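Sharing a structure with you now.
Read from first to last, the chains carry the letters A, B, C and D; within each, the first residue is number 1.
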Amino acid sequence: MSNEKKVEKGNKNFLSGLFRQQIFIPIAALIILAVFNLIADPSFFKITLGYNSAGDPVLSGYLMTILDYGSELAILAIGMTLVTAASGGQDISVGAAIAIAGSVILRVLCGTNSRPDTLQAPIIVAFLVACVVAMLFGAFNGALVAYFKIQPMVATLILYTAGRSIAAWINNNELPIVSDPTFSYFGGFIPGIPIPTPFFIAAVCVLVIFLVLKFTTLGLYTQSVGINENSSKLNGLNPTFIKFLTFVILGLCVAVAALIKVSRLSSINYSVIAKDIEMDAILAVALGGNSLSGGKFNMAASILGAYVIQFLTTTLYKFDVQSDALPAYKAVVVILLVVLSTPKVREWLSAFGKKLKQGKAVKEVG
Amino acid sequence: GSSDAGSNAATGSANAATGSANAATESASAGTTSSSSSGDMIKVGIINNDPNESGYRTANDKDMKNTFTEANGYEASFAYSLKNDEQITAAQKFIQDGVDYLLLSAADTAGWDSVLKDAQDAGIRVILFDRTIDADESLYEASIVSDMAKEGQTAVDWLKSQNLSEYNIIHLQGVMGSAAQQGRTGALDDAAANDGFNLVTQQTAEWNAEKAQQIVQSVIDAGTPFNVIYAENDDMAKGAVAALDKANISHGVGKDVIVMGFDCNKWALEELKAGNWNYDGQCNPFQASYIDDIIKKLENGETISEKTIIMDEKGFDATTITQEDVDNYGI
Amino acid sequence: MGKKLKNMTDTNLLLTITIVVFFVMYIGAIVFQGKGFLKPQTFFNILNANAALIILSCGMSLVMITGGIDISVGGVVALVSMSCAVYLDFGGGNVFVSMLLAVAIGLAFGIVQGFLVAYLDIQPFIVTLAGMFFARGMTTIVNTKPFNVANESFTALKETRVIVPGMGSVNKLGNYVNAYVEIGVIVALLVVILMFIMLRWTKMGRSFYAVGGNNQSALMLGINVKRTKFMSHLLCGLLAGIGGYVYFLHVGSGSASHASGMEMNAIASSIIGGTMLTGGVGNIIGTFFGVLSLSTIQNIVSSAGLDQAWWTGITIAAMLCLFLVVQSVVIARKKKMLQNK
Amino acid sequence: MKNIHKSFPGVRALRGVDFHLNKGEIHALMGENGAGKSTLIKVLTGVYSKDEGQIFIDGNDKAVSIHSPQEAQKLGISTVYQEITLCPNLSVAENMYIGRSNKIYQNWKKMNEDADKILQNLDIPAKASQQLASCSIAVQQMVAIARAVDMDCKVLILDEPTSSLDEQEVTKLFGLMRDLKARGVGIIFVTHFLDQVYEVCDKITVMRDGSLVGEYAIKDLPRVQLVSKMLGKELDDLSDIKGEQPTEQKTENGEPLFETKDLCSDAGIKPFDFYIKKGEVNGFTGLLGSGRSECVRAIFGADRVIGGTVKKNGKQVKINKPLDAMRCGIGYLPEDRKRDGIVGDLSVRENIILALQVLRGFFHPISKAEANKFADEYIKLLDIKTASAETPIKSLSGGNQQKVILARWLLTHPEYLILDEPTRGIDVGTKVDIQKLVLKLASEGMSVTFISSETDEMLRTCSRLVVMRDRKVVGELSGEDLTQTKIMSTIAGGESKHE
C-alpha cells in the first residue's frame, strides 16, 4: 500500500508534471520555434543597441521585433481569454472595435481638422475617451450575449459587420494624421529607453491582469460561470453580469491595443487597421491550450500563445515567405503544434518523461 | 485594395499610348433609343469600392458625390463594397431597379461579363471608371482610368535618373493582381531585369501600412543593406518610413534611403516637400467630370469618340515640388 | 398559439421565425421600396448570386448541428475556383475534370479536418481556422493574379440559363425579358433537398443531432461519435468543394480575393436560419431561408440609396441585430412557457 | 468478467474485480459511493477501456473485446447509466431508437407508433414526438429504461435507475425486470436502496474500494451483514438514529427563524405559507412533481419570486436572488446535482469554497492556503473519496460529488440549510451519516429543511412535515401524526389540515 503511494508520488515528478501542465503547450511551441531558428540561422537571436533618428538608444533585432509587435495580440489575448472562459464563445469583432477606438483617439486628438499642427486634446484624454467608447461597444456585445443569450460569435458578428463603417463615420471618412512626436511614443520608443514601448504597455496589462486575478475572484467566477451557469447562479453568482463584465474588460483591452496600433503610424486606415487580428487573438487563446468552449483557463498560457504567433510570423518574414502565401505556412505550423499538444501525444511524452526520471532514480539507488 | 486606381495594365495602356485607336464608331451596345427615361432626372447607379480604404478612394468618392447631384440633374444611388461578388450583386440590383447608367469601379478585373450583358439586355449603359475590367469592350460605353504602367514607368525613370551607384530596393507591392499593382510592379521588374536593379525583397503588403512596416522591419533586422523603398502606395511608404525611423535609418533627400510612393495624398506631398520622402507618383481620382461629360453627350445622342480615356498624371520630386503642387495635386 | 409555441421543438420554432421574418421583410421591401423588388428576377438574382452560399451554408449547418464549426469554407471556395481556373486555362482542361478537381479539393479538406477534429480531438475552430489560412495561402501559391477563364465549353456552361416561365418582365427598351436562374441554383436546390432528406430521414442525419445535443450521451446510446463528427466535416468539405465550383461557375474567374469573408456569411446564414452554434438544433430549410434573408437585407440596403458608404455596414448590422434579438426573445418566451407548464 | 483493472490519473478505480452473471438472474452490485460500480459497468460496456482483464460472454472461452457502447449493444448488452444519458434535443421516440438499428432510413411514422405503444405499455406519461428536454427527470429516466428494456438483449444493466423514480414507478420497473428475468435475460442492478435489493435480486456482489468483496446468494446475506460488508465495518443499526432523535424539545420554544407568507415564484407553484424555527428539522413531502423543489427554490430566490414576503426573525427581508438568501444565512443543496450543483471542471477544493467565496465578495479572494485548509477539513469530515483536493469534481463518483456540495454549504455556516434530496445516489452508510449530521447540526442550532423521496428517511429526521399536492401546500403534520399512513392520506387529500 505504502509502496503504491510512493510510486504515485513518483509520477508527479517535475518533468512529467510539466508535460501534463497546460502551459507546456505554448512553452514547447516557443522552444521548437527557437530551436528551429537557432539551427537555421543563429543571427536570429542577435540584439543590437543602436540609436534612433532622435539620437536615443534603441535595441533592435528579431527578438525585439517579436516583443514589440506581439504586444497588441498579447493584450487582446487577455480579454479574449476571459470572454472565452465565461461565455464559451469568442468575440470576432475586436479588429473592428480597434478601428473604432483608434478612430476615436484620432478624432479627439485632431478635432475636425484632419491634420492639426497641435493636438486638440491631451493624449491621455483621447485615450480615456477611447476606453469609454470601446467599453461601451464591449458592453453592447456583452449585453447581446449575456442578456439576450445570443451566441458570442454571432452577437459579435454585428459589430464585426458595422465596426469599420462606424470608425469611418466617427471621422467623417477623413484620414487624420497626428504630427506630434509624443504620440508616436506609444507605438515606438520613449526617448532614452531602448525597449519598445508596446512591450511595456503589454507588460503593464499583464501585470494588471495578474494582480486582478490574484486579488479578486474574477478567475474563479468566470470559470465557474463558463462551466456551469445554473450551478453558479445557485451559488449566488450573477452569470449574466459576469459574462457582460468580461466583454467590457475585453473592450478595455481593445482600447489599449488601439492606442498602440494608431500610434505606430500616427494615423489610421479604417479598412485595414488590425485586420484579421481577431483570428490571431482566438488562436492565441487556443494555442495556450485553453478550451474554446469555455470553462477553465490559463492566462499565462494565452499570453505566451500570442507571442508564439508573433514569433512564427516574424520567423516566416525572416525567411522571406511571400506575405500573401504566409497563412499557408502558418497553418501548417499551427496544426503541427496543436497535434503535438493533443492528450494522446502528451500522454506519450509524459510517459517518456517518467521513464527518464525512473531511469535516473534507479541509477541513484544503484 | 487601396490606391489602386486600377486600370487594366496591358490593354489599357496600349490603347492609351495610341490615344485610343478605337475611334469607337458608336458601338452597337449604345442602345437603340438614346432618349433618356422620363426626361427630368437621369438615374445613375454607382458601384464603388469602400471609400475608407484609402485617401485616394475617399477623394474619388467625394468627387462622384459632388458631381452626381440633383442640382446637376442626377438621381444617384451608391453601393460600396471591396468584394467583387457583392459588387456584382449590387449591379444586378441596380439593373432590376432600372437605372439609366451603371457607373462601375470594379473590385476585381474578372467576372463581370454576364452582369454587363444583363445590363445591355435591359438597356442600361455602363461606364467604367478608375478600373477597367477584363470584359469585351462592346459591353460598356466608356472607361475612364489611370494608366498604371505609365505611372510605374515614370517612377522608375525618375529612379534611374538619380544615378545611384547601386540600387538595393525594397519593393512593397499592393494587393496582388490589382491593376495598380500589376502596372507599378511591371515597370520595376523590367528595370530589375535590364538595368541591374537589385530587389532586396519583393513582398506584397496589400496596401497595408502595418504589413509594410513589418516587412521592412524584418529586412532591417536581417541586416541586409538597402537604399531604396519603392512602395506602390503612400500608405505602405508611410509604414516603411515608420520602420526606418525606429531603426535610425535616415531617409529622404540626400539621406541614406530613397522613399517612393504613389497616389499623391496631401500628407504624402507634405512629407515630400519637407524632404523626408523623395518621390510620389500621381494617381488621379477625379474622374467624375469626364463621366458627366460622356453622359451628357450620350443623352444628346452624340457618339463617344474615345472609348478609353486616360487620366492625366504626373510624378513629383522632393527637390522640385512647390506648395502650389501640394495644394493642387494633394488629395 | 401559446400551446403551439410550447410544443414546437427549438428547431421548428427557429425555422418558423426565419421564414416569417423573411417574408415580412421581402413583402415590406416590395411595398415600401418597390423598384426592383417588384420584378421576380430580383428574387432569382438573389438565388443566382447566392447559390454557392446556400451550398456552403448547408455544409456549415451540418457541422454546426454536430456542435462544430468550419471556417475554412471561404478559403476552400477561393482555392477551388483558382485551381479550376488555372487548370481550365493553362491545362487546356476539360470541364468535367475540373468538376472532379473541385470535389477532390473539397473532400481533401473535409477528410483532413474531419480526422483532426474527430480522431485527434482537436477543437474544430482551430483546425478549420488553420484550414482557412492554408486554403488562402495555397490560393496565392497556385496563382496570384485574378483572371477570367476563356475555356469555351466552360463559358458555355456558365452562360447556360434556365428560363423560369411566366416570370419575366418588360425592360425599359420595351422588350420582354425572360426570368432565369443559373445552373448553380439548380445544384443548390438539389443540395438543399438532399441534405434535408439526409438530416431528417437517415440514421446518419439523426446521429448528427444526437452528437450535437450531447456527445457523451450519444456515445452511450451506441452512436459512433467520432465517425459522426468525421462525416459532418467530410460532408461540409465536400459541399465546400461543390459550392466552390458553383461560385466559380457564377463568376467565371479565379482570384485570391474570391469569397473573402464568405465563411462568416455562411455561419450567419445558418444561425439566422435557426441553427445553433452550440449544436443539436438546426434545419436545412431554415438555412436556405437564412441565406435568402441575409441577402435580402443586403439588397434592401444597397438600393435604399444611402448617401454615405458607412451606412451600408451599419444598416446591415442593425438589421442583423434586430433579427437576432427577435429570435432570442421568442426562444426566451418559449423557455418561460415551458417552465410555467 | 475476470480480473478487471482500471486506473484513472491518481485513482485506481478497479483492482482485479471478477464478476459473474447467469442467465435469468437479477444480480445486485453493491458498494459504497466510489466503490467502482459505475466504473465496472462502463468498462463492461466499452465506455472506458480496461487496463487489464477479460470479458467472456455466453460461456465462450474466447474473451470478447468491447471498445464502444455500440459494440456492447451488438453483443446484446443494453445499459441504463447512472446519470441520464439521453439527448435532450431529440424526441422521446428518437431517444429510444437511435443508435440501435443498422437501417439507413428512419421511418418516423413507424418509430413514433412503436414508441407510443411502449410508452403506453409502461404507463409513461410522455408522447413519442415530444422533445425529451420538456419531460421531467423521472420521465426521462423511464424513457431510458424503456429504451434499454425494449432492446432485444441478453444482459440488461441498470445503474441506479431508481434514484429519481417514485414508488409506483419503481414497482412498475420491478415488474418489468421480473418479466425479463423469466425470458432468460441476465440483469445487473445497482442501487443504494437495500429494500429494493431484497425485493427483486437473486444474488449480490459487493465491492469496496475498487476490489471485490464477494458474491453471495441473497438468502445467505442478511441486511446487516450486507451493510457491514459494504462498509468494511460494523454499522450501528439504523434504528439508533431514531433513538437519539433530539429534535422535539428544541422546536417547542421560540419564534420562527424564517417565515414566508403567500410566497410564489414564476415556476408555477401556488402561493404558500411556511415557517421554520431555530434548530428545527422539517421537510416537504408529496408525490413526484408536487412542487417540493419549487417551494424551496422560491425561498432561496432561485426562481423569480413574483409575490409574497419572507421574514427572518420577524423582520421582513428581501430575497430576490440566491445571493440575498445566502446573505440571510440560507444554504441550498439542489436536487439535480449534475445540472445545478457541481461545477464540473473545477477542482474539489474550488467547488467547496465557491459559496463562501461568493459571500465574501469579489475583492476578498480566499487564499490558497486557507482554501486548502477548508478543503482538507471537509474532505475529512465528510469522508469524501477523492484523489486530492485538486481533482476535478466531475471525476468523482456521484455520491462523493454530493458530499462536496454538502461541504460547500456547511462551509458557509448557514443558519438555515435546505437540503433537496441530499441522499439521492448515496450509499447506506453515508446516508445514515448524513442523517446524523443533519440532526447534529440541528442540535447545534441550525434549522434544516430536508426533502427526500424516501418517506422513512423523512420520518426519521424531521419533526414536522409539510405535505404538498399539485403544487399546493395541502397540510402539515407533526408529532403523533408523523406516520406513513397519515402522510399518504394527507397526500391523497383525506384530511387536509390547511390553516
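Note that in this section a residue touches a chain if its C-beta (ideal position, glycine included) is under 8 Å from a C-beta of that chain, and two chains touch if they have at least 3 such contacts.
Only a predicted model underlies this, so the values are computations on that prediction, with no experimental measurement involved.
Taking the CA centroid of subunit C as reference, the farthest chain centroid is that of D.
Two chain pairs are in question, A-C and A-D; the one with more C-beta pairs in contact is A-C.
Taking each chain's centre as the mean of its C-alpha atoms, subunit A lies 31 Å from subunit C. Computed centre separation for the pair subunit A/subunit D is 43 angstrom, with centres defined by C-alpha atoms. Centre-to-centre separation between subunit A and subunit B, using Cα means, comes to 36 Å. Chain geometry summary: the mean Cα position of subunit B and that of subunit D are 73 Å apart.
Listed for subunit A are residues 164-165, 168, 173, 322, 324, each touching two or more other chains.
Touching of two or more other chains is recorded for residues 140, 144, 256, 309-310, 312 of subunit C. Residue numbers of subunit D whose C-beta contacts span two or more other chains: none are found. Each chain pair that touches appears in this list: A-B, A-C, A-D, B-C, C-D.
Against subunit A, the residues of subunit D that register as touching in their complex are 10, 12, 300, 302, 321-323, 326, 332, 334, 339-346, 350, 354-355, 357-359, 361-365, 408. Only residues 43, 50-53, 58, 60-62, 65, 69, 115, 164-165, 167-168, 173-175, 177, 188-189, 196, 261, 264-265, 267, 269-275, 313-314, 317-318, 320, 322-324 of subunit A touch subunit B when the two sit together in their complex.
Put simply, subunit B touches subunit A in their complex at residues 2, 50-55, 58, 61, 82, 176, 201, 203-211, 213-215, 217-218, 220-223, 235, 238-239, 242, 245-248, 250, 265-267. Those residues of subunit C that touch subunit D in the complex are listed here as 6-7, 9-11, 200-207, 209-210, 212-214, 216-224, 280-281, 336, 338-341. Here subunit C touches subunit A in the complex through residues 69, 116, 120-123, 125-127, 129-134, 136-138, 140-141, 144, 256, 264, 267-268, 271, 276-278, 308-314, 316-318, 320-321, 324-325, 327-329, 331-332, going by the rule given at the top.
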